[in-house]
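Structures follow.
Two complexes follow with chain A in common, the first pairing it with chain B and the second with chain C.
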Partner chain A sequence: MSASAAANRDLPSIYHKAGSLRAERRWALWSAYISLIFAAIIMLAPPVYMLMTSLKTSAEIADQLNSTPWWVYSPTLENYAALIGNEMFRGFFWNSVKVTVLVVAVTMVISVLAAFALGRMRFWGSQALATGVFLTYLIPDTLLFIPLYQIVGSLGLLNSAWGLVLVYPTLTVPFCTWIMIGYFASIPKELDEAALIDGANWMQMLWKIFIPVALPGIIAATIFAFTVSWAAFVYPTAFITTPEEMPMTIGVVSQLIRGDTFAWGQLMAGALLAALPPVIVYAFLMDYYIAGLTAGATKG
Partner chain B sequence: MADGATLAIAQQGAPSGSSLKRFARRRSTIAFVMTLPLLLVIGGLVAWPAGYAIWLSMLNRRMNTFIGLGNFEILLDSETFRMVIFQSVFFAVTAVILKALIGFWLAHMLHHIPTKGQRKWRGMLLVPWVIPPALSTLGWWWMFDPSYSSINWLLNVFAVPSVPWLGEPWWARISVIIVNVWYGAPFFMIMYLAALKSVPEQLYEAAAIDGASSWQRLRYVTLPMMRNIISITVLFSLIVTFANYDIVRVLTNGGPRDLTHVFASYAFQVGILAGNIPRGAAVSLFMFPILAVIAFFVLRGINRRNKEEM
Partner chain C sequence: MAQVSIRKVVKAYEGGVQAVKGIDLEIADHEFVVLVGPSGCGKSTTLRMIAGLEEITSGEIAIGGTVVNDIPPRDRDIAMVFQNYALYPHMSVFDNMAFGLTLRKFPKDEIKRRVDNAARILDITPLLDRKPKALSGGQRQRVAMGRAIVRDPKVFLFDEPLSNLDAKLRVQMRTEIKKVHQAVKTTTVYVTHDQVEAMTLADRVVVMNHGVIEQVGPPQELYHRPVTRFVAGFIGSPAMNFIPARVENGSGALRLNLPNGIVLPVPADRTQRYAAAAGKEMIFGIRPEHLTEPKNLDRDNIATFDLTPEVIEPMGMETLVHLWLQGAEVCSRIDPTTPAEPGRPLQVAADLNHMHLIDPQTGRVL
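== the complex of A and B ==
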């Protein structure tokens, strides 16, 4: 349609059209940058505001007349100092570390072994099982927490970090297995044939070939398992009520909110400290993090 | 591990015709042993609890009498629960549509700028997805605070009257959606950006030679190429949003007047806090049929794409 319209024009209009194309492109670039700046402001405003609040004294937070809420006039680290000096808060941190490290280790062992078996060793039902793994990933934790509450309770693991170690794999294992199947599938068949000819057994093949070659996938899956178990919220809220056993997320949400007068500065400082480990991991391993996110859908 | 060791010895012999069968049998045995932990997790911690939930939902409060579908009938009769159904559907559908549109727009904008700068922008825009949602929602809660709201402060600067964010039912519903969109839109952006990058450049060149406008390029090249990833991301996000708990719990805790409860938070309230485990299980089971339908479409999408790739 526009092609025939262009053909009817005379020659000089081609130059005109080229000029308009460049203008169009420049306009597109500008609109892209403006959108991105606008989006970045909105996306970063809540964390920045949390940081601002965490650096304020309670007096400055309460004083609304002489100050803007979006700026700190007399920054202080007292909120952070109070939290780090608080034994209960340090306990939250260690509980989170303990649970997360154990869950990540268990998850990676289970899912690498299973992904290798399902993706490479093709046996009866392996295809159906791989689909089943993906289906389990689609079952949300909020559908399972009530029966799991009963099960964990009957095992006597309510109010214990061990109960969390037991149930967190339901959040991490299906997705990690799924993306590891994808990564293992992308390794050329010739490699394991060569290994078989050289007399390697399956464990050697997994350990010496697949794990090194699929290392980026393993890192991505580990990051996923780490962020998910660090951020888990439903299970700890349901299973843990004693502050001594609480991990960070639920500890900050339930224990730092007391009564009607909230210590907002301390609350925000606590939230930021609790969010720090995943943010640090993300800052240093962004590419792996994103690879893990997109692998589930693009490789599936 | 022990199986691996015995296999190593068995494999020393050349795999001739007769031992090939044994080899295959051994292979499937090892594979089964390697999948066993996964099967235990899925069977013991997902399938068994899911079945157990159905059984639980058919008991009375004291869990000693079987009452069939009694819990479901009571729930459907209650006005509060009908509002929960409405709010869950409204919340999930609105939030997912907004996330999909904003994510698509951001991915497109990101795709337009020079590749060098994309990493930096992508890194900044993904921050909401990285912070555990329960914690970032605390920040939003503070921004929505009735007397100290920093958002209202900004609105007042532009001479817009203050908004009762979490006090009025409809504003509370909108607040929950805002937080969910803020948290989830970056995920859509990342998925769409990956999809945009996988569209071959030649298609756009061909379209440009045919004189396609930028709208036509979007409509006839980009969207068809991304159709599958869009549908999978939307369906997946629909499940996660539908089952969302933390944002509602931290932001409104179901209030005002139980009008912002979604299935998950209501199930928690009824099952854990009020101690009526069977009815709580019944509430969360209401999610199941909807999730099953969505899961069916996700699987169909994935299978279809696998076939295309072959």
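== the complex of A and C ==
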């Protein structure tokens, strides 16, 4: 009797508690959605602005009275057509692709090998070297381009896309190495010991075990190297002078701005076209990037 | 198949800490040897030195008569099973097991034959196409063992292979390991901190503590004739009781004076063996199963006395009675039908044929 009375007394408090948990959860969801929507608006405003402008005629862009940046009244693809039909613009694009593919390849080879050595082979000074690699990343390219100009110049690679292939890795390798050191470090040491006992040498261990297992990390590093190389601005501005060797980033700017005349429609179309490859790369590799390949390696 | 010889092996780390302090051990062909001890006793380090994953500071290790100190792990012809399985996560079960053979350039049909055979022994044939993440803990452990079996190495090394499994599965896999060893008969070195695993699996158990070997012997010998207090306390569960006792000489016979005025006569056949202890403070050791309800009273050397239980633990097939005797915890193992309750004196019988006398200064069993 008394026990059941006590239970009855407790019931409302239990329900109240569950109710408050539900309310807390709802509140958390709402605030999350509101902040996400707010962030999305801020992030998406510039691309939307660009897209709208790229679809306008020069006349509509210039018309201050009857147009708004956020809508197109008479859409046209003439800006895109003009760029794609322009051989020089296609040249910029091709230069960007060439440089980026080479830089990504060079970067990944160097940083995977370096990270494997620094992260797993544990030799005297490997810790200090690993930190040193990261420190080099902290020096900004705006500081480095002056001495690099001398170096690239002395190699006779000024005004050449090959010069860019040489200098971009100074930006990409340190960071990618750092990412890969972290990734390799997360692989349990029993995995290389098992491979060692199974008869693998260091290269086989890297190729057959570490690279497949660290694939998400490698993809993350690849995306980073791709983005840095594709979007680089300071180095090509400093090292490239003729349109034939220019990548997208500076080609668009240098050719579509003549004095104080800005071809806004084409500038925006060019910028959007330039942004397309990274978007595609991200979209395709995102699944890999997120997939946790190490699951199941050890107790899990 | 091969014997393993460990001669005066030392492992010292930077800063002079010695994990293994010069141990000697001969492991015979086909033998199943278990290294057991508390964490930090040097058992895993010893195993890793046999595997070649740790360098040997001094001394030598030979496998099949060849000194392997400077031979890399892949050329030692050993296979190892790790505590966390260490399966290659991106490979199927088949590829995991075949990896070592593929690297050694075995022909494809031979690899398939060996993997299928090992899978049959371990009952994992239906799992061969799966990835490790789709397996349960016990299945992963089987795959890890399969990876060792297919290699047909000279020596199997197990590093606490069952510690990650739950209690029920652990018992099951323990039987499995023993069965596999009986089938393939490969020389095996097995490391565990679990004395039950050591007792059940081993041909010989090696008890290690603080980097030295305390005792080597078959499980029964370690259980009945421990040579040190450490081994006496480590092997057996619940652990052996250690009760402070004063040995007194009374007219040709020795007596043990225990706390609370309990006096026990030392069996006559041990008088000579314990003679040197007369008049000294010693430690009286007796296992819980030799401290029971009064039974076999017609046999020699059974002494009865009263104790007051403080905690009673019914286990089903037996009941454990705990009490404290002047700082020493004493555990007695009685028949579950014997009435016992906390606080009410209980008559117990000590079977002194199984007593041990330990010198507290040296820790040796006399």
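Assume the second predicted complex is superposed on the first by the 246 of 300 C-alpha atoms of A that agree within 3 Å, B and C clash if a C-alpha of one lies under 4 Å from a C-alpha of the other, contacts with A are read in each partner's own complex, and residues count from 1 in each chain.
The rule is simple: a contact is a pair of C-beta atoms (placed from the backbone, for glycine too) under 8 Å apart; a residue touches a chain by one contact, two chains touch by 3 or more.
Computed from a prediction, not measured in an experiment: that's the story for all the values here.
Enquirer: What is the contact status of A:Tyr49 with respect to chain B (first) and chain C (second): first, second, both, or neither?
Expert: A:Tyr49: touches chain B, not chain C.
Enquirer: Using the superposition on chain A described above, determine whether A:Gly85 touches chain B (first), chain C (second), both, or neither.
Expert: After superposing on A, A:Gly85 lies clear of both chain B and chain C.
Enquirer: Once the shared chain is lined up, is A:Leu144 touching chain B (first), chain C (second), both, or neither of them?
Expert: It touches chain B, and chain C stays clear.
Enquirer: For A:Thr227, decide between first (touching chain B), second (touching chain C), both and neither.
Expert: It touches chain B, and chain C stays clear.
Enquirer: Regarding the shared-chain residue A:Gln64, is it in contact with chain B (first), chain C (second), both, or neither?
Expert: first
Enquirer: Between chain B and chain C, point out the one touching more chain A residues.
Expert: B
Enquirer: Using the superposition on chain A described above, determine whether A:Glu193 touches chain B (first), chain C (second), both, or neither.
Expert: Second partner only.
Enquirer: Same chain A residues contacting chain B and chain C, which ones?
Expert: 199, 201, 204, 293-294, 297-298, 300
Enquirer: Which of the residues in chain C end up touching chain A in this complex?
Expert: 51-53, 72-74, 78-80, 82-90, 99-100, 103-104, 131-135, 137, 140, 147, 151, 164
Enquirer: Help me check something: in the complex, which residues belonging to chain A touch chain B?
Expert: Residue list for chain A touching chain B: 1-3, 6, 24, 28-29, 31-33, 35-36, 39-40, 42-44, 46-47, 49-50, 53, 61, 64, 68-70, 109-111, 113-114, 116-118, 121-124, 126, 129, 131-136, 138-151, 166-167, 169-170, 173-174, 177, 199, 201-204, 227, 230-231, 233-234, 237-238, 249-250, 252-253, 264, 267-268, 271-272, 274-275, 278-279, 282-283, 286, 289-290, 293-294, 297-298, 300.
Enquirer: Within the complex, which stretch of chain B touches chain A?
Expert: Contacts found on chain B: 1, 4-5, 7-8, 11-12, 27-28, 30-32, 34-35, 37-39, 41-42, 45-50, 52-53, 56, 102, 105-106, 109-110, 112-113, 119, 121-128, 130-136, 138-140, 142-143, 148, 150, 153-154, 182, 186-187, 190-191, 194-195, 198, 210-211, 213-214, 229, 232-233, 236, 239-240, 242-246, 249-250, 263-264, 267-268, 271-272, 277, 280-281, 284-285, 287-288, 291, 294-295, 298-299, 302, 305.
Enquirer: Which of the residues in chain A end up touching chain C in this complex?
Expert: By the definition above, chain A touches chain C via 188, 190-191, 193-201, 204, 208-209, 212-213, 215, 293-300.
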